[in-house]
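Got a structure for you, questions after.
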Amino acid sequence: MSALLEVNGITKRYPGVVANDNVSLTVNAGEVVALLGENGAGKSTLLKAVFGLIKPDSGEIKISGTPIVFGDTAGVISRGVGMVHQHFQLVPVMTVAENLILGDEPKRGLFINQKSAREEIITLSKRYGLEVDPDAVIEDLPVGMQQRVEILKALRKDVKLLILDEPTAVLTPQEIDELLAVIRNLAKSGVGVVLITHKLHEVMAVADRVVVLRGGKLVGTTSPKETDEAGLAQMMVGRSVVLQVNRTEAKRGAVVLEVKGLEVRDDRKIMSVKGVDLTLHKGEILGVAGVEGNGQRELVEAICGMRHREAGEVMINGVATKDMNPHSVHEAGISHVPEDREKHGLVASYTIADNLVLNQFDQEPYAKGWVRNLGEVAKNATDLVEKFDIRTPSAFNTAGSLSGGNKQKVVVARELSEELPVLIAAQPTRGVDVGSIEFIHNQLIAARDKGAGVLLVSAELDEVLSLADRIAVMSDGKIVAIVESKAADRNYIGRLMAGLKG
Amino acid sequence: MSDTKVVKSEAPKSNKSFDVGSWLIPIIAVLTAMFLAALLMKAQGSNPITAYKSLFKTAFGSLSGIGATLGKSTPLVLSGLAVAIGLRAGLFNIGAQGQLLSGALAAAWAGVSFHGLPGYIHIPIALIIGAFFGSVVAGISGFLKAYRGVHEVITTIMLNSIVMGIADYLASHQLREPDQFLTRTAEIQPSAKMPVYAHLPLGFFIAVALALFIWWILGRTTSGFRIETVGRNRHAAWYAGVSVKRTVISAMLISGAIAGLGGAVETLGITYRYAPAFNLGLGFDGITIALLGRVHPLGIIPGAILIGGMRAGAANMQFDSGVAPELVDLLMALILLLVTAPLITRFFKNSSNKSMTSGWGS
Amino acid sequence: MKLLSKRNGYFLIAALATGFFYSKDADITTSVYATGTAFALPLALAAMVGIMCERTGIVNIGIEGTMLLSAFVAFFVSSFTKNIMIGLLAAILTGSIMGLLLALMAVSWRMDQIIAGTILNILATGLTSFLYVQGKTIPSVFQAIEIPGLSKIPFFGPVLFIHGPLTFLGLAIILTLYVAIYHTPWGLRSRAVGEHPSSADTAGVSVARLRYINVTIAGAIGALAGAYLSLELVGSFERGFTAGKGFTALALMIFGRWNPLGALGAALFFGLAQAYANQLMIDQVVNIPTQFTAALPYVMTIVVLAISAGKVRPPAAEGQPYEKGQA
């Protein structure tokens, strides 16, 4: 019997990078194959090739023995391949039912047969034990529920091969365990599962085989029986990776940032920060742990003056900051590494040099009154590119030409170079290669050691555990606990993140 | 969110401001448009060679012809500049027409009403008044965009027509030339007429100086940085401490002022009065010229001279070859289409703002 | 729809106002409303163009140009061939080509869609100016049809059931569009493409193909609106004939929340306002200079936008070019 999925020698090039370099792998029915690799290793590209969304430069892909045709996503889907995407492929304003039937709608003449759609969904969700409400609107659902819909979408087609792309990024530790159980059950029922991830303990928990990608190449296959997390990390990165950052004891000083009773609404006018109090001291890293979507983004934006405060105060060194005025908040002494670097952190068509002074363009020495001092801007650029090891042929190339990790380095370089009393770093290593992650972590510690107060907001619990001196856990818009990191217990924090009482 | 895997299928735009290859494309676009129009002329039974010859000879063949060309080019430079500044801020100011008209009428009023002023005072005052009214009109759109999220494409076009109606009304009632049945204002005082040096109009040089000034502002000042940043990525601009609302309104005010100035120059330098049904379509000309010049303040000048020359020579062209002056409008439309073909849209692709269409409801 | 919703409130006010006017003078009210419906139709159809395009994610600023050029073609081809049906068909062809051109620029070339639409407008203006010939006439306009029986009902008869064929065709299109958008697979897929194209893409729906089809058909509808103006409502053509209706249509689309019936309602309101203003001028009740009444639709458009624009939610992906595999 031929393998469910056969990938033979796939190569795909983009300008400047080889995303996939002669990658081959097979997946059989009933087995869970983990596709492991750090960000940028080529996992997503491979996936898109399997679905016919992009055309490989060479190689072929076979499903149950038959090759696929580029562009014929519907064909791939009809042959029993389903995917649960990292960024959900759901239409936010439509209902669960509409999303599930999209592309293959039950019909009555020219019209959609709403009744049979609903019946189908109820049957489907009972069969796999994934309850959903067909009439609920997607954007109103919690993330875990949205993911259920995403999974059901894949399962609807009598799927033989299910691919999950980084499914646990938005889940609490408990939800992750539930998901892994679902995966194991699916495999038992004969479905082949490909789990794409960079989370080592998930791999160890659920995979039958592990395939490791690095820099577009397949560097090895193994299984949980044959190795451990450290071994996997080494294969992923190609060298010994320090999984824990070395840091000295914090020298905590006076309070530098104080947040009292903060209430903030999100883009949909729903209250997402529901009364937050925080104090940040000089010389410490306060980590805010929590699954994304619990108000962290709105919290950071409100503190930095980018989002309206419904209630509450933000004070720097005892002085209250203005609402909705990022310029004055910056002047008051807050540096901000934003969560969405493409949207807020950089102007892609500006040079790296201009990006390095993006929020300082009207300050000395980069401007004297009305007129900019381009010489100083250039000097600053050359300095920072070297100091922060930003990989680029020239500081005057556009920022858009950089890789994700280097883009993030530009933002970090800019924010750290001012040496302001407060640094707020939101998801600072998301989408960044491991080498740059280490670098950025070290920079954050260095800033702390120089006396800055660092507020680190991250959905990666490991990052918070390894960097923070104190840990605040954010769940459903509130800070539910603040603990010293020495006393922190991973499970305890995980339960808090999930909204349980610990 | 995280690394978006958008496929970039071309090399990133270099920071060099003079990239010969891409300046070739506007030239090719113009030549191609002329060729296509020639085909149309042939189909109509006219001789394209005679037509083009006459067109260009009148426009550029003599000093007085060049003078007329520069005269017609001046409002084009200014409306192109107005559109370009808007585009740099991510705004689509199609209302240059209405802003220009209001400037023209206001300048005509100032030119008629003030007595006994020496030229070097009268002219600048009239010009400033024209610029002011232009910026008021544009400011309405700017305000609606900044504070109500209404897209400026629609409001500027609507205002075009509203201003035309108001101007028409004023020119036939309050401001009408006394004892005349025609809808127009009286001729302006001699002290308000803009001087011409050896056939070459002063207004043109003012326009060029303004273009240079705008170029300097965009490239070298903090205000220019604000405008450019808002135009490329308004989210990052907000993060960087730039007030997007204030920048949008400022950009529209500046844009309107420049367009209004264009109208004022037209009145003080060419027509010497305000008469409606003039300059129809000049607003759209501004867009073509701005895009033809790749939205660069200096790049606009050659395009404006070319189009201005064509308009100056159009009457003679009709006389010599029977081809209607509207040919120039058609040519402009074709040029615009060709200039914005895939290769040229690099400028807009580099903008992180998804498109200028944001603003329907945000 | 809740019973106490805003929408029902609008209906109630409209019904009461109508009843009031009718009691004052039945004949004039009837004729104003009938004229108002006739004025409203091209606006409503043009708004449909906008809805079809934007629901699928394409912003169409070029509705004005489409209507203008189609009205032009309808008129001059009818004049030349002495046959208004041929003129109508030629116009529909023209509109489809313009739609296709917009799709080409927006979908394949991924141009900024505002620029693409503006190009259509400028092309239309340029072509119509250049090719315009004075003094031509068409053999006739599309004559009004009376629906037997129903046309005799007082008030509703003349208002709803006596109109030209293109009006009835237009209304049929609007109703069909409404049903199709919300109850057919095509409608579901089109909306998905306009809200979150990668979801549709990964579900096997061809985003590009659907956009091409919808924009081209929308162009044909726009042509119908233009042809209606020159062949049924007015019977002539001049430069600048469409006078901004294509832009007003966008405001109506926004105000009607991208819903065909909502846009129709807004268009009716507009048409009525204009018919009413005309009537006031004829009766010389108020003495407003012509320039100001001519400017009325433009002012109303801005007001409508200023009220609604900030609070509405357009299709999430509109205006953004999509590349396959962008998920």
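Chains here go by letter, A, B and C, matching the order in which they are written, and residues are numbered from 1 within each.
Just so it is clear, contacts are C-beta pairs under 8 Å (C-beta built on N, C-alpha and C of every residue); 3 or more make two chains touch, one makes a residue touch a chain.
Values in this document were obtained by computation on a predicted structure and should not be read as measured data.
J.: Measuring between mean CA coordinates, which chain is farthest from subunit B?
T.: A
J.: Highest contact-pair count belongs to which two chains?
T.: Summing C-beta contacts for every pairing gives the maximum at B-C.
J.: What whole-Å value do you get for the distance between subunit A and subunit C if each is reduced to the mean of its CA atoms?
T.: Their C-alpha centroids are separated by 44 Å.
J.: How many Å are there between the centre of subunit B and the centre of subunit C, using C-alpha atoms for each centre?
T.: 30
J.: Can you list the residues of subunit B that touch 2 or more other chains?
T.: Residue numbers touching two or more other chains: 5, 7.
J.: Where does subunit A touch two or more other chains at once, residue-wise?
T.: Subunit A, residues with two or more chain partners: 54, 87.
J.: In subunit C, which residues are in touch with two or more of the other chains?
T.: 313, 325
J.: Tell me, which parts of subunit B touch subunit A in their complex?
T.: Interface residues on subunit B, with respect to subunit A: 1-5, 7-15, 220-223, 225, 229, 232-233, 235-243, 350-352.
J.: Give every residue of subunit A touching subunit C within the complex, in rising order.
T.: The touching residues are 48, 51, 53-54, 71, 73-74, 77-78, 83, 85, 87, 89-94, 98-99, 101-105, 107, 110-112, 153.
J.: Considering the complex alone, what residue numbers of subunit B touch subunit C?
T.: 5-7, 40, 92, 94, 144, 148-151, 153-155, 157-159, 161-162, 165-166, 168-169, 173, 281, 284, 287-288, 291, 324, 326-327, 329-334, 336-337, 340-342, 345, 348-349, 354-361
J.: Contact residues on subunit A for subunit B in the complex?
T.: 14-15, 39-40, 44-45, 54, 87, 304, 306, 326-328, 330, 336, 338, 340, 342-351, 354, 358-359, 361-362, 367, 370-372, 374, 396-398, 400-401, 404, 430-431
J.: Applying the document's contact rule, which stretches of subunit C touch subunit A when the two form their complex?
T.: 183-185, 188-189, 191-192, 195-196, 198-205, 313, 316, 324-325, 327
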